[in-house]
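What follows is a pair of complexes built around chain A, which joins chain B in one and chain C in the other.
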Partner chain A sequence: MTEINTALTDNIGRRNRTNVRFRYLVIAGAVITVIPIFLIVGSLAIKGFRQINLAFFTQPAPDTFQAMMAASTGDIIPGGIANGLTGSLLMVFLASLFAIPPGLMTGIYIYENSSQKYARFIRSLAEILQGVPSIILGIIAYIWIVKNITKGYSALAGSVSLAIMMLPLIIRSTEETMRMIPVSIREAAFALGTPYYKMIYKILIPVSFSGLATGVLLALSRILGETAPLMLTALGSPAISFDITKPVSAVPLLIWDFYNDPNMVSLVWSASLFLMVFVLSMNLLARSVASKHKYI
Partner chain B sequence: MSGDRVTKALLFISSLTILLLSAGIVISLLGGALPAFKEFGVRFITSSVWNPTEGSEEYGAMAFIAGTVITSILALIICIPMAFSTSLFIAEYYNGTRTSRILRSLVDLLAGIPSIVYGFWGFYALRPLLVATGLTDQGFGVFTASLVLAIMIVPYATSLSAEIISMVPAELKEAAYSLGATRREVIFSVVIPSARSGIIASFILALGRALGETMAVTMLIGNANVIPKGLFAPGNTMASVIANQFGEASGLKMSALIAIGLLLFLITALVNYLGKLIIKRFA
Partner chain C sequence: MNNTSQNDNVLEIKDLSIAYEPGKYAVNGVTASVKRNSITAIMGPSGCGKSTLLRAINRMHELYPDIQTKGDILLDGQSIFSMSVIELRRKVGMVFQRPNPFPNMTIYENVVAGFSLNDIRMKKSRRDEIVENALRNVTLWDEVKESLYRKGTFLSGGQQQRLCVARAIAFNPEVLLLDEPTSALDPIATLKIEDLLGELKKKYTMVLVTHNMSQAARISDDSMFMYLGELVESGRTGTLFTTPKDPRTEAYLTGKFG
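For the complex of A and B:
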């Protein structure tokens, strides 16, 4: 408060001027912060739009020779990202299968036992795991799956690294959603003699369904754009493949491959545009589900 | 009542997943890193020599530790004014208005953009701009990587800071206004002091994000395995050396890369723990 007192003795005109100046400074800082999003979306949309056509979604990535030929005649590069798309969907599907059921149940466990030391410990572990850089999860999946189970790069290893990323996200969102449910609903159920397991399956989960869905969608949008762990696990593949013991591609892996090949530059813009739109619409979907979130 | 017991058992068993997973991660990293630490000892951390030539192999992590710390701290310094003014905009000046909601969703969008897209955009759109300024020849290096990293971590710092600034009790601010304070004076003598530890925690957590970021940094830092000599000099970070060299590594080199992963794991865990600790004390 001393600062205010000394400030009051100062000239009021000067104080008002610094006040206005600071306000402009804050507005300018906020505007500068959001400028990159317009720059990124704008440049990807302008430069990536040309390559987006039906073939982009139905054909696998071209080889560098095809791309070079097309680039030399000024045509659009043939082929697309179908191998990456199928690989991404395969690995995200498997990762969801591995991570969502234990994630939901662990979240419910922490919520139900939140007064116990063990549950609080599990929650801190989830927090720590959430902060682990994704590349380290790539190393882990490499040691566990690539070296010991599939004896080579594989879709399975990729999915495991993504699943480890997803698990803490699901646990935390589940617990936070559960905590928003009014206690009165639980108490009403118990007062009517509802057994514990029915309370969970018939009340807790249905009531919080949209919140749980938001958590899952946000986790999916996080792992869809992940590249680093997949470089150490799924590796990439030029063909469409659904064999989980063999290497597969993924959209972010294709972007990395295209980026390293000077002939493919215009395809990177398109693939990046597609990945960004895909991830952001998943993100927006999650938020719109969250905004409809209602508890009776 | 057997349904009850089965449900309780199922929930408990699933909670073991995360316990086993965490233990497994630590054990696997330790096991994988052991050969490198056995071979080089403390020198692995203090040395900045990275020589994969067969016969005279020598690996030290210092160049990458330095690269990681320098880029992350620089990114944080660039991020602070951006995140600070954005959170004041959202939670103080325009709190509760439509403008604030729009700005908040735009900042959230920044968090949704994949790392590799940032890297690619930085490479083709930002790098030529930096070259045009004449400060750098190629546009690769610590500064370029930090700039993109700063944009990437802004949303994390902003959302938490804004939340904490909006929690400052209105009575405190009104008391200052009633004494004739201007808005700027209220912000500096009431809002910031009472939200201080929360704001600091939000920046520490953003730093934790920056430390482990891989793809965007790999594409922009220049990948030179030396301690960066200046702001515009190339370097390498712990995460990006793993991303770049893990694929072709085997034997001792693989172990050295896993050891770098272990060190990165410890550093990020420590930074995140510190941030969470400050938040817990604040709450």
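For the complex of A and C:
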């Protein structure tokens, strides 16, 4: 009896030590993972903060001469990212217009007819589309819009390429959100004689609102940082423009421009910092919307 | 059809068969009737087709195109398949196994959901009256009158189920279909629902699916016993429980299976 007890106590000691060791291992792994994130945020904040002022949001990007003058005297580079900001907002707005309604409807369609061949086909298409490199979507929009419709680089072409990127994200998130609604809720609506379209817009959509909104916001934050397809479509523009048939700039395009001009390197940090904070707040907004209107 | 039977029987089920896939019948050749202002219990072991039979009465199966239905069901002498689905479901309300108030709606909105979802507009005072009546009828009014504008999902399970009954009777249906309405509830909430059904009998005709024999014995006037998709036996609940004619009914009632 004593032998067994001693053996058990010994064993407990060893098991406790293993537990402790394992816990430290997990904590260490977590710390190692977040180090790069903090490094990125930290260096962006330190290097980019100096340039962020009112002009940064209200003035278009400086030309290289202005930037050179400022850089040579060690001053803050004049100008900002207003042309990129307005271009980004314009294209994201148009892309949302193109992508959100059909995306939601397609998602609902797939959910409602999930056993049908055609719905399964659409779902696989959405999956494939999600895997297509964004530069290829840029080429597609280039051929469709730049070549044939606006006869030149344009905000419209940029938004079409972004809309194609958003579509699969919205379709998938809509379908997955709808799947979480208990069948009995749908049946309860039908048992009251509710017509099909009413069931969708008075029950399904409101009940799943938080999930739908989260999906849309995440899709938006995804396309906000997209650069490659815009290079082939929106091209970039030194001035603020709201003409959808003309080239416009975008924040990520500006970052690329700043990077290519040795005099404007410090603006790279500010623009990146801004873009990251913007996308981050979008994600936080998505989270708070999700928790506020959560019914399922 | 003579007039008296039309008056006595609200529902006549005629040689009804329902198949989930071709040739596999979940309900097989059932013929039965349901008397006005009574509770008819459908009993039987799991998978015997009792819920399937119930859901045929308001044509819920039409939501699933693979399900095939043969035979006929008459509501007040008229075939339900000749009515519009919306008209039928106004006359035949349904309460489900799990409480399912609409989670996006307040208690008030849930009660009048049948109207708002069908675009039936009315004055606020009339709506208030319907809500109060329906909630009083399900003995929920005193518990929720202070919180009518809170979401229905804040209520307890038993209260939610009574809210669902209120939602169904707000439409003033003739028939109320109840698909194991107490199976997700605790004994006290179950008792409340059972008392409530006894009261509602004065106004409505009810068909109750239950796997709980003692519940059927407690509250039903007539009973049907189903087994493997067939209606084995039906009759007055008292008679069926004391002197079952079919050996399968007797075996079920004495707890030999199910």
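We adopt the following convention: the second predicted complex is superposed on the first by the 262 of 296 C-alpha atoms of A that agree within 3 Å, B and C clash if a C-alpha of one lies under 4 Å from a C-alpha of the other, contacts with A are read in each partner's own complex, and residues count from 1 in each chain.
Operating definition for what follows: a contact is a pair of C-beta atoms (placed from the backbone, for glycine too) under 8 Å apart; a residue touches a chain by one contact, two chains touch by 3 or more.
All values derive from a computational prediction rather than experimental measurement.
In the superposed model, A:54 makes contact with neither chain B nor chain C. Contact with chain C, but none with chain B, is seen for A:194 once the two complexes are overlaid on the shared chain.
Chain A has more of its residues touched by B than by the other of chain B and chain C. Of the two partner chains placed by superposition, only chain C is touched by A:182; chain B is not.
Look at A:101: by the touch rule set out above, it reaches chain B but stays clear of chain C. In the superposition on chain A, A:203 contacts chain C only, with no contact to chain B. Overlaid on A, the two complexes show chain B and chain C touching the same residues of chain A, namely 195, 198.
Of all residues in chain A, only 182, 184-195, 198-199, 202-203, 206-207, 209, 295-296 touch chain C in the complex they form. Residues of chain A that touch chain B in their complex: 1, 3-4, 7-8, 15-16, 18-19, 22-23, 25-30, 32-34, 36-37, 39-40, 43-44, 101-102, 105-106, 108-110, 112, 118-119, 122, 125-129, 131-136, 138-140, 142-144, 164, 167-168, 171, 195-198, 200-201, 221, 224-228, 231-232, 235, 252, 255-256, 259, 265, 268, 272, 275-276, 279-280, 283, 287.
Residue ranges on chain B touching chain A, taken from their complex, read 1, 3-4, 6-8, 10-12, 14-15, 17-19, 21-22, 24-25, 28-29, 31-32, 81-86, 88-90, 93, 103, 105-110, 112-121, 123-125, 151, 154, 158, 176, 179-185, 187-189, 208, 211-215, 219, 239, 242-243, 246-247, 257-258, 261, 264-265, 268-269, 272-273, 276.
Of all residues in chain C, only 58, 60, 63, 85-90, 93-94, 96-98, 100, 102-104, 113-114, 116-119, 151, 153, 164, 167-168, 171 touch chain A in the complex they form.
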